[in-house]
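You will see chain A twice below: alongside chain B first, and alongside chain C after that.
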Partner chain A sequence: MLTSKTYLAKSNDIAARTLGDETIIMSTIDSTIFMLNPTGTVIWDAADGNTPLSRIIEEKVCAEFDVRVEQAAEDAQQFVDELAAHGILVVSEEPISPQ
Partner chain B sequence: MKLQDGVEDHEVVIEIGGIPIALQTTDSGFVSLLKGRYRDYIKAETNPDFTFRVELIAPDTFNPEDDVEVWFENGEWRLERGDFRVTWSQESREGLIRQTANPYSIDSVLRITHTLLLARAGGFLLHASSAVRNGNAYLFCGLSEAGKTTIARLAPSDVALLTDEASYVRRVSDQYVAYGTPFAGELGEPGKNISAPIAAVYLLKKAPENRIESVEPAEAVRRLLRNILFFAHDAELVRLVFESACAFVSEVPVYQLSFFPDERVWELIG
Partner chain C sequence: MGLLDEMNQKATAQGIPLSAHLDITWRCNERCVHCYLDHDGKDEMSTDEIKDALRQLADCGTFFLVISGGEPLLRRDCFEILEYARELRFNVKLKTNAVMIGAKEAARLKLLGIEQVQISIYSDRPEIHDAITKLPRSLRRSLEAIRHLTANGVKVSISNVLMKQNAASGKAVQQLAKEMGCEFGIDPIVTPMLNGDWSITNLGISRQELEEVFRTEEFVGHVGEFCAPISTVDDDVLDGYSCSAGHTLAYISPTGDVFPCVQFPMPCGSLREKSFREIWYRSEALTELRSVHVRDLPTCSHCGHAAYCSRCPGLAYMEGNMRGPSSFDCAKSEARTGIPSAWQLSPGYATSKFVQIRLV
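Presenting the complex of A and B:
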């Protein structure tokens, strides 16, 4: 469950590039490729290890897209779970220092 | 050249993509095989960038079921598959190939070696046929059955084929250049040993009619990456290949080519 204490950081084991309003990410461990849509790209760009996900949703996602906070949080949960499962995103209940 | 024990040593230099690689062996039959298979790519009087000694081994020396594995260890690249074992040092520019006397093993070793060299030079090998028309190169990209060989077979007489299987892409000066390769697919013929600046990449899709559509940059990168030949378990090189694909797409237009397999498709090319 995502809370105001959920922090996100990008894994070191990836290569990523934002092209247009989409982001392509490749795992340097197994070469798996992920494509992020514009909403995912906003979350990805803001995943600095210090900004709580709840703030990313309120101040970035809901500000840029016509979506309610509850719906955005539900979508973000799915997004974060999937990327975390592949080791693309690091998730923590504490701020994450750069590795 | 004579070795100490009186056995004659032979050297064949095969230059693909402007990179000459020498293969040394004492087996004259294997030399004949190399000279036949790579005839248009053999360079005499050239100082090779890399030299490999080829030691021929008996079949079933290794487990033939072993999949390809490529990794860097103790300053050397190691390439292994059920039919070969290779070690080579980028520093000393020398290596040893142990393989059975067949053309497919050396073909694979050369392909993998070039993917490693290209990764540090902003280039790559792509699952694509390619051809030169009016001084420009066009790449036709896709996995098996996508139509790479079909497009090559349908090419009119003013088109020079570079390959129907693995396209060689290098960054040269300020542009991307495609080189001919001896790496053949179903066509069974080596490509012409020429090069040209790349004008476009077409992602192939068989369809009832011919149509060209643009592809968004991120999607173009994703589909190119799916088709880039790269085998090494090496995070740094994987990152470089990723960056190369992104840089390539920022300079070379990528289209989807839906095509009906007859000669009319070439009316859209070049």
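Presenting the complex of A and C:
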């Protein structure tokens, strides 16, 4: 469950590149490939370990896309859960130091 | 369509160099009889120059990076370069003969998240492998390295270039790869040296041996399907390109020279004079290469093999004309299907001579 104190950081076990407004990510653990759409890319770019997800949603996602905060939070939960399950995103209730 | 295909299509449409091959040195501790490189170590890029090249590639959108040589581990900064490449979040494959990889190096490669280590093994018999590499005990050392790598969970791919000396080694090396938990790939063609020397191509396997390779289920999958001629050469084929060289793939030599591919010695520019972006988007050579569709190839556009031919424009370039046929690929198509290519049927075929070129 995502809370206002959820922090996200990119895992070290990935290769990633943003091409235009999409991002390609490959896990170096199992070679799973992900392609993030523009909304996912905004969250990915902002996942610096120090910015709470709630702020990313309000200041980045809702500012760039025509979406309500509640809807964006729901979509973000699914997005974060999926990437975290594959070890692509590190999720913590506290700020995350660079690995 | 899979994600990789989708990504490649987008990269082609947007002109993004999605893949890059960077040779960090041409020096090598082996002297493989079929190697297409000389082993000149002059004027190699410094660590900082290589890091700058990597930053530029990342800025231009490169995702897949092959670091190779020569033997890349001969450079003392090899791990520093690999580490920097991973910091920039490249998907990194390392091509090496692995003789300098021990337990410590294997663990370090795992820690760095290297996607795959690619190693050439020419035979399961030391007297054959070592005679090709001209390095005593090289088979034993490479196999030891593979064991260290796989024990650390690093993915390894074994590739086997077939030539006269090891023409019958394919299945045994494939079995070895299977036993060691490695991927396996086979290459039945010995290509000319980048400096224009064609003499090593005499080491290539015979036409009959090539046919045997293409009729071996273990190598090609369903033989009937693989060898069946496909005659449909439609607009999709004619509007397409021969390969990704210069479209989504770039090669950078140890001296910072940019080419479309490691097998395509058409100079496009030097990183010591221009930025990668400027070379990639403004080089006249690359612009010309990108203008060539299959329908623009005077001979190959009329060839029945066009739909599946692996025509290498780099080899065609080395034969004198990047719009021309590549005799190696004509031979492969013929061996595969039993049907001669348009070029092999042309009046000039019997008397054609290779034009030799040199790197400038």
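Here is the rule we use: the second predicted complex is superposed on the first by the 99 of 99 C-alpha atoms of A that agree within 3 Å, B and C clash if a C-alpha of one lies under 4 Å from a C-alpha of the other, contacts with A are read in each partner's own complex, and residues count from 1 in each chain.
Here is the rule we use: a contact is a pair of C-beta atoms (placed from the backbone, for glycine too) under 8 Å apart; a residue touches a chain by one contact, two chains touch by 3 or more.
These numbers were taken from a predicted model, which means no experiment stands behind them.
**Student:** Could you look at A:26 and tell me whether it touches chain B, chain C, both or neither (first, second, both, neither)?
**Tutor:** Touch partners of A:26: chain B and chain C.
**Student:** Once chain A of both complexes is superposed, is A:35 in touch with chain B (first), chain C (second), both, or neither?
**Tutor:** Both partners, chain B and chain C.
**Student:** Pick one for A:6: touches chain B only (first), chain C only (second), both, or neither.
**Tutor:** A:6 sits against neither chain B nor chain C.
**Student:** Tell me the contact category for A:17 with respect to chain B and chain C: first, second, both or neither.
**Tutor:** It touches chain B and chain C both.
**Student:** Do any residues of chain A touch both chain B and chain C, and if so, which are they?
**Tutor:** 13, 15, 17-20, 22, 24, 26, 28, 31, 33, 35
**Student:** Could you list, by residue number, the parts of chain A that touch chain C in their complex?
**Tutor:** Against chain C, the touching part of chain A is residues 12-20, 22, 24, 26, 28, 31, 33-35.
**Student:** Using the touch definition up top, name the residues of chain C that touch chain A in the complex.
**Tutor:** 3-4, 6-7, 10-11, 14, 16, 18, 58, 61-63, 86, 89-92, 113-115, 155
**Student:** What part of chain B is in contact with chain A in the complex they form?
**Tutor:** Per the touch definition, chain B meets chain A at residues 216-219, 221-222, 225-226, 230, 235-236, 238-239, 242-243, 246, 249.
**Student:** Within their complex, state which residues of chain A touch chain B.
**Tutor:** 13, 15, 17-20, 22-24, 26, 28-29, 31, 33, 35
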